[in-house]
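There are two complexes below, and they share subunit A, which is joined by subunit B in the first and by subunit C in the second.
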Partner chain A sequence: MTMQDMLNDPLANIILMHADDKLMLGHIQSDWTGLAPILEEDIAASSMSQDDLSHALVLYEYLGKRFDLGTDDIAFERDAINYRCCDLITTPDEFDWAVALTKRWLVATFTALGLDRLATIDDGDLAARCKRLIPEQAIHVTHLTAWMIRLGSGTDESKARMQTAVDTLSASAGMMFEVPESLVETYCGRDELFTQWHTAIMDTLTQAGLSATITLPENSAVGGRRGVHADHFTQQQSEMTEVRRTEPAPAW
Partner chain B sequence: MVSRAHIDAALADVPDPELPVSIVELGMVCGVDINGDDVDVKLVPTYTGCPALPMIERDVRAKITAVQGVESCTVSWCYEPAWNPDRITEPGREKLRAHGVTTTGCCGGGQSTVELTTSALACPYCGSSDTRLDSAFGPTRCRSIYFCDGCRNQFEHIKPVTS
Partner chain C sequence: MSKIREQELTFGDSLPDPTPDTRHWAVYTSKRDGAPYKWAGYIDAPDAELALQFAREHYGLDETCVGILAHEHEDAVDGEYSLEPLPRGNDTGADGHEWTVFTLERRGGNHQTAGVVKAPDAATAIERGQTLFAGDRVRSLRVVPTDKLQKTTAEELVIWRLHDMDYKLAKGYSKIVRAKWTKIRDEPDYEEYRQEDIAKHF
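What follows is the complex of A and B.
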């Protein structure tokens, strides 16, 4: 079994989509540790980043067992073209809390639905892992949704800033539903998944007094999930793997 | 011949690094296999992102290999059964309560969101139910922070995670 076998496997691509999203989200959002607006949110944001990284690990471990690969090798030793994360995640938030929060909320809601689906696949180990992650993910969604509503219906300033963040991100949010190349023939239920996600997102936006237009990309759309990443992905990946490239097998 | 009683005693002696209870009281041990002089211990994580897991794993290995007759010990983490607060033993609950940490059973199966705010928890200090959620994210991954309006104390609650 090689890395290539994993990359050719349709189910592995779906798992990588979610795991890579979480790896990059946990990495980029941990920049907020020590900087989030209030202490409770600092703890919450740091905790969610910690969760995202550990959730990625739980999924990489599953792939590692199945394809006889090291988890760190899967996480750090792929070329950029073989990362399946969408580029919404690595879009810089310029330390704007509204953007960071909105981004995490959009992604977390998508991941929650994805984990629900993975948990129904007839594979005991994968289902058990996903069932373990689902309630932890649900805490993120509940928390982030509450903040979207609170800030959207807060002051004029908070509302305006949240609407700007939603506008900035909604243009590329649909790309979470881009289909990886190896799945074009086999992937089903994308429209359904989008509808489910879109309904949840719109419900929260309505409660928050915010609005957005988010569309499903064409099946042929090419972006991060097919390995065609924006520059900000490459920068983040390079930063994330710097220690490992400098010292391939460090003992802590 | 390795004695099961000695293994159980060794496991009961492994503390959680952040709470005044053992990993047995927390319900983290889900299987022990003794094959001659080799012992295999299966553990369930309370929370996947808990940074104490590697430390607990090291402690288990150290305590088990110190048991008379044990040559080697392997520790593995499993996800089935999933951990939930129902797995905490009664003595474990008592110790946590005395430490200012409340626990309840899991919050019913099949739901997609975890309800963190509605059910009133009894304050571990004064018993009042006039309590509210301060923050879903507490000092460790498995704990939330609550506030008691009865005695104006903050307390912690083990998150009711279940899927």
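What follows is the complex of A and C.
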């Protein structure tokens, strides 16, 4: 089995979508450690970043076993074109907490639905892994949703800042539903998944007094999920893999 | 901090004012089903829901944790601290509303849940708590109206994570950690580093 076998495998591509989203999200959001608006949220946000990295590891381990690859090789040894994360993840937040929070909430809600689906696949190991991650993902969604509602329905300033963040990200939120090349013919239920996600998002936005227009991209849309990444992704990916490239196969 | 992102970071002339919207909450954690809730620390939160969420991340991940209990600091009434173990009380009344009783065994120690009493006010709750829960080691009691307690359990939403959390349990310079370090550094260099690190932090 080779890395290419994994990259050609439809199910592996779905798993990589979520695992790569989480790897990059955990990497980027950990930049907020020490900077979040209040100490308690700083700790919670850092904890969620750790979770995201750990969740990526759990999924990479599954792929590693199935394709006889090293976990670190999957996480760090791929070229940028072979990462399946969407570029919403690495869209800069300019250290604006409203943008960081909204982005994380959009992605966490999507991932929660994705893990639910993966858990139903007829593969005991994968299902067991997803069933461990689902309750943890629920913590993220619960926490982030609580903040979306509080900040959206808080003061005039907080509402305005949250609406600006939602406006900034809603144009690219559909990226999460881009389809990897190997899944163009086989990816079922994308419309249904989008409807589920959109309903959940709109429900929270309504409670928060916020609004957004988010559309499902065409099946043929080309972006991060097909390896066509923006500069902000390649910069982050390059930095994230720097140690690995400097010191190949380090052991800890 | 990512070097890329470091460049984005700018501070104004001064940091923003602290939020006036948070209150102090006392947090207690329980390590296993049926075990008492033991004082863990304080957090600041604007309301009960976020208090529990913050407590979960702040205190629920230090060690295995199956339950979190929190109350606003101002809802607690502490009895006097006694240098000797508190004597058993003799008030066995059961009128009034329910209070949860916490015991303290030494000054600076951790309060932990002992049980509940019914009483019309805090002073009476402490007296009745002394009847039920004073013992050889208890030096002080704390009471909190039970309806002021906020509680979360692992059944509602997990606290201690289900993925491999061993990295959270790393403690000091154990043999395992030392072995890993000495693979990277020579033993004398490692020892020098260790001494410096201990001197710096302890």
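The working rule: the second predicted complex is superposed on the first by the 250 of 252 C-alpha atoms of A that agree within 3 Å, B and C clash if a C-alpha of one lies under 4 Å from a C-alpha of the other, contacts with A are read in each partner's own complex, and residues count from 1 in each chain.
Just so it is clear, contacts are C-beta pairs under 8 Å (C-beta built on N, C-alpha and C of every residue); 3 or more make two chains touch, one makes a residue touch a chain.
Remember, predicted model here, so these are calculated numbers, not experimental data.
> In the superposed model built on subunit A, check whether subunit B and subunit C fit or clash.
After superposition on subunit A, which the two structures share, subunit B runs into subunit C.
> Which holds for A:142: it touches subunit B only (first), subunit C only (second), both, or neither?
both
> Could you tell me if A:58 is touching subunit B, subunit C, both of them or neither one (first, second, both, neither)?
After superposing on A, A:58 lies in contact with both subunit B and subunit C.
> Which of the two partners, first being subunit B and second being subunit C, lies in contact with A:128: first, second, both, or neither?
In the superposition, A:128 contacts subunit B only.
> Could you look at A:94 and tell me whether it touches subunit B, subunit C, both or neither (first, second, both, neither)?
second
> Quick one: classify A:162 as touching subunit B (first), subunit C (second), both or neither.
Neither partner.
> Looking at A:28, would you say it contacts subunit B, subunit C, both, or neither? Reply first, second, both or neither.
It touches subunit C, and subunit B stays clear.
> Pick one for A:116: touches subunit B only (first), subunit C only (second), both, or neither.
A:116 sits against subunit B, while subunit C stays out of touch.
> Kindly classify A:236 by the partners it touches after superposition: subunit B alone (first), subunit C alone (second), both, or neither?
Second partner only, subunit C.
> In the superposed view, which residues of subunit A touch subunit B and also subunit C?
40, 43-44, 47-48, 51, 54-55, 57-58, 132-133, 135-136, 138-139, 142-143
> Which part of subunit A faces subunit C closely enough to touch in the complex?
Result: residues 27-28, 31, 35, 37-41, 43-44, 47-48, 51, 54-55, 57-58, 92, 94-95, 132-133, 135-136, 138-139, 142-143, 146, 150, 235-236, 239, 251-252 of subunit A touch subunit C.
> Considering the complex alone, what residue numbers of subunit B touch subunit A?
So the residues of subunit B in touch with subunit A come to 45, 47-49, 51, 78-80, 82-83, 112-114, 116, 134-139, 141, 145, 159, 161-163.
> What part of subunit A is in contact with subunit B in the complex they form?
Of all residues in subunit A, those touching subunit B are 40, 43-44, 47-48, 50-51, 53-55, 57-58, 112, 116, 119, 124-125, 128-129, 131-136, 138-139, 141-143.
> Sort out for me which residues of subunit C touch subunit A in the complex.
The contact residues of subunit C facing subunit A are 1-5, 8-9, 18-19, 22, 43-46, 49-50, 53-54, 56-58, 61, 157-158, 161-164, 180, 183.
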